[in-house]
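Below are structures written as structure tokens.
Below are two complexes that have chain A in common, paired first with chain B and then with chain C.
On to the complex of A and B.
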């Protein structure tokens, strides 16, 4: 199972990105880590080049909102991204906000899993559940 | 006299050739009615005879370079990497085609020297299908190379005749791998020069490999300060009869793709002042600022129809402007240089025999004011004795 990950926009908070990389590998995923400072088009392009099943975007500095609004339009320009599982986590708003509203908004932007200020392992468990539900993995194995 | 000075250096250009011996530099216009070898021996046979074959070094820019069309699957990776490698190898890019939008592209009518197909990390497969093969059938090309994901190589090979397969230019971390494609393209360029009947004949007088002129010039750049007082960073423009080359240091490029060379180069195939004069004029007429530039130079568009020294001079000035324009942010091109940080502009090639420093400065000032709205004024360095070329040839 291939995952493209990275931190969106001009965001340079790198710690979570390193942890995500390590945790995904520990769970058996093939990781393509684009690192910090990654633009939306680069994420989509990396999915095309790798054939990744999952796109996992991080945002820590509050930029996510702006990028989120661009997702649908940009994704519609690609002809091979319909089945990609799209996931986003970190600090998904500027300042504090109501988690429920935030999740609904990002789902509307086109994300399948939204993890606002959520612990990483909880988020990765949600991914595992979705993969199983879609019949993409069995309960034991990822890779 | 040092040993290096015992060499005879010959540069065969599209319009004239230069011969540098320890005694000095000779320059002759080419006689297009006779072949290069005969022409050369006619004009400088005595000089050539005095040297041992192994002391004669020849380079040529007479062929004007190769052209490529690149087909890739994304702008951020495959197309970007292949484009970067192609122009570092001195190849002219006709177009870059995003595979998923293949049907939106028009089919280039001209003969393409090499088609490059690229896409996919090695963990992926099945990126291309029949629509690509149908598109390729409409093209006319001399060479075709696949340098994408390894699992697709066999499938591509069985569907495309005479396909050359190279290792992927994208590695497992989605970083660029330059060497294989670069070597392939550089060799093609080399073969193209050697393949010219005219040039082959020149091996009668040299025991050394005949290189392309841009390669030789590029090789001189790291040591340019030994001959000229240039302030870093600088760009070098080689404006000749058939092509214009621009060499620039990597610091000037905003997009940082890590490569080994300190200096890159770009060749504009159809921006020359003699052989490709018509396309230079076309490029000028299509540029929205040229009319104003002509006014600034106190001439009218009629100058394009004239055959005079004055007209040649104006064309050379336009060539400088057009090259800078192509490199600026004003025009989204393959590469945009940080032109505001340049401290020197070095000029070499035929242009240095015609233009004075003042003629060039007025263009540069116009360019910076008009296009970059800045009073920045890099110093102009004229290599009017082909020192850069001799420096590169002696390395």
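On to the complex of A and C.
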């Protein structure tokens, strides 16, 4: 199972990005890590290039909100991205906000899984559940 | 005209620079007060020098900050540069300075030195007659350093590795080496006119579980790159790591090996100083706890035998500190230093031996690289992962090394990647940690180990 991951926008916070990378590998995923400071189009290009099934975007500085709005428009320009699982996590708003509202907004932008200020492993379990529900993986193994 | 001077003429012919007069600057440096040179203070000091951090957008704010620092009995003043200037975006710095001056809101996170210019800034520096240290984070600091020295700032922090790997995703590392070579040569040339210009490396790097051997190797290499261009006064540095023992061992090894390698390249006449940074990781939001952490760091700096300490503030967790909070740390740190007397000498020979072997093995691998110059050797070794900085955002960094804390909170290497840590040392490091855990628990441990002071 291939995952493209990275930090969106002009955000240089690298610590969680490294830990996501480590945790995904430990769970058996093939990881394509674009690192910090990555623009939306670079994510989509990488998904096309690698044939990844999952796109996992993270954000700490809250900038993802501004980028999120463009997801649908940009995604529609690509032909092969309809089945890609779109996941986003981290700190998803500037300042404070109600988690329920934030999750609803991001789902509306086109994300399948939204993890606002959530423990990393809980988020990765959610991904596992969705992959199983879609019949993409068995309960035992990812790879 | 030399090639360097031709390049200097081009660098200062910038639309944001108001007529740079090299002859006048040389005369100013030649006749400048000794008090402005930190190298002079290092030579004559009888205590650890205390330096805070701080930079504000406007001249008036910076002046007021210095007044507070001087009242708090500061030894070295900082000039922290805004992020636009660091990225050579002087147009944005100019616009944001104007907005900051017109409104009562700071639109810059530091002092835009290029926009203020050296004639204006020199008035402030000479007015206080204290040594000033340039703090920035700039990969291409050629114009910034010309302007700083012309302003009377005679300590320049940074380096091609330490100002790039923690701060940038894709600024080309080979360019950074060449831009910093220019800086070293300019500092070396000015050092012949009066007391030496001091160069300081930035040891904290990412401040996130960087093992001491990597910190020391990078400090030594930036020192050698500086000394080989003729710099005569250099400070190696590192930040509080989380274990008092590891800090003391790091201090002992870095001092010993800095001297060793400086002599090795025939630069034993240069003065090497040691700088200690108070905790550079995530701070507690509770300001009373933050004060305790700052105080503990001061005690450890004394145990380490640092020549200078760089302070934090109790407002670290919340953003850019006020001048009051910043001055309070200076006064508190001076007080702690005054009452800290009769410190015992602590030595851990086994740890010192292990760390020395690790550093020397990596240094040997760098020197054995077939490239023809030191900077190219270092470049190749970073590219191949012989030098690997945990949590660097830069694309050239290997990111194969994994570190965690042992029970004593020492930072230990559990995956060495391509770094040539000798087998014996590697086994010792791993033996200090519980490696039976699965990756999920290790990741949770890493998260905890990063936020250890919160």
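Criterion: the second predicted complex is superposed on the first by the 143 of 143 C-alpha atoms of A that agree within 3 Å, B and C clash if a C-alpha of one lies under 4 Å from a C-alpha of the other, contacts with A are read in each partner's own complex, and residues count from 1 in each chain.
Rule of thumb we're sticking to: a residue touches a chain if its C-beta (ideal position, glycine included) is under 8 Å from a C-beta of that chain, and two chains touch if they have at least 3 such contacts.
Just so we're clear, the structure is a prediction, and the values are computed from it rather than from any experiment.
Trainee: After aligning the two structures on chain A, examine chain B and chain C and state clash or fit.
Mentor: Once both complexes are aligned on chain A, chain B and chain C fit side by side.
Trainee: Looking at the overlay, what does A:14 touch: chain B (first), chain C (second), both, or neither?
Mentor: Once the two structures are laid over each other on A, A:14 reaches chain C alone.
Trainee: Which partner does A:26 contact after superposing on A: first (chain B), second (chain C), both, neither?
Mentor: It touches chain C, and chain B stays clear.
Trainee: Tell me which partner A:98 touches in the superposition: chain B (first), chain C (second), both or neither.
Mentor: neither
Trainee: Please indicate which partner A:121 is in contact with in the superposed arrangement: first for chain B, second for chain C, both, or neither.
Mentor: Second partner only, chain C.
Trainee: Treating the CA centre of chain A as the corner point, state the angle out to chain B and chain C, nearest 10°.
Mentor: The three centres form an angle at chain A of 70 degrees.
Trainee: Return first, second, both or neither, reflecting whether A:36 touches chain B, chain C, both chains, or no partner chain.
Mentor: second
Trainee: In whole Å, what is the nearest CA distance you get between chain B and chain C after the fit?
Mentor: Comparing every C-alpha of chain B with every C-alpha of chain C, the smallest gap is 5 Å.
Trainee: Both chain B and chain C contact which residues of chain A?
Mentor: none
Trainee: Going by the contact rule set out above, which residues of chain A touch chain B in the complex?
Mentor: The contact residues of chain A facing chain B are 2, 30, 32-34, 41-42, 44-46, 48-51, 78-80.
Trainee: List the residues on chain A that touch chain C in their complex, please.
Mentor: Chain A residues touching chain C: 12, 14-15, 17-19, 21-23, 25-26, 35-37, 120-121.
Trainee: Name, in rising order, each residue of chain B that touches chain A in their complex.
Mentor: 73-78, 100, 119-121, 123-125, 170, 173-174
Trainee: Any idea which chain C residues touch chain A in the complex?
Mentor: Against chain A, chain C makes touches at 167, 169-170, 206, 208, 390-393, 395, 399, 402, 438-440, 442-444, 446-447, 450.
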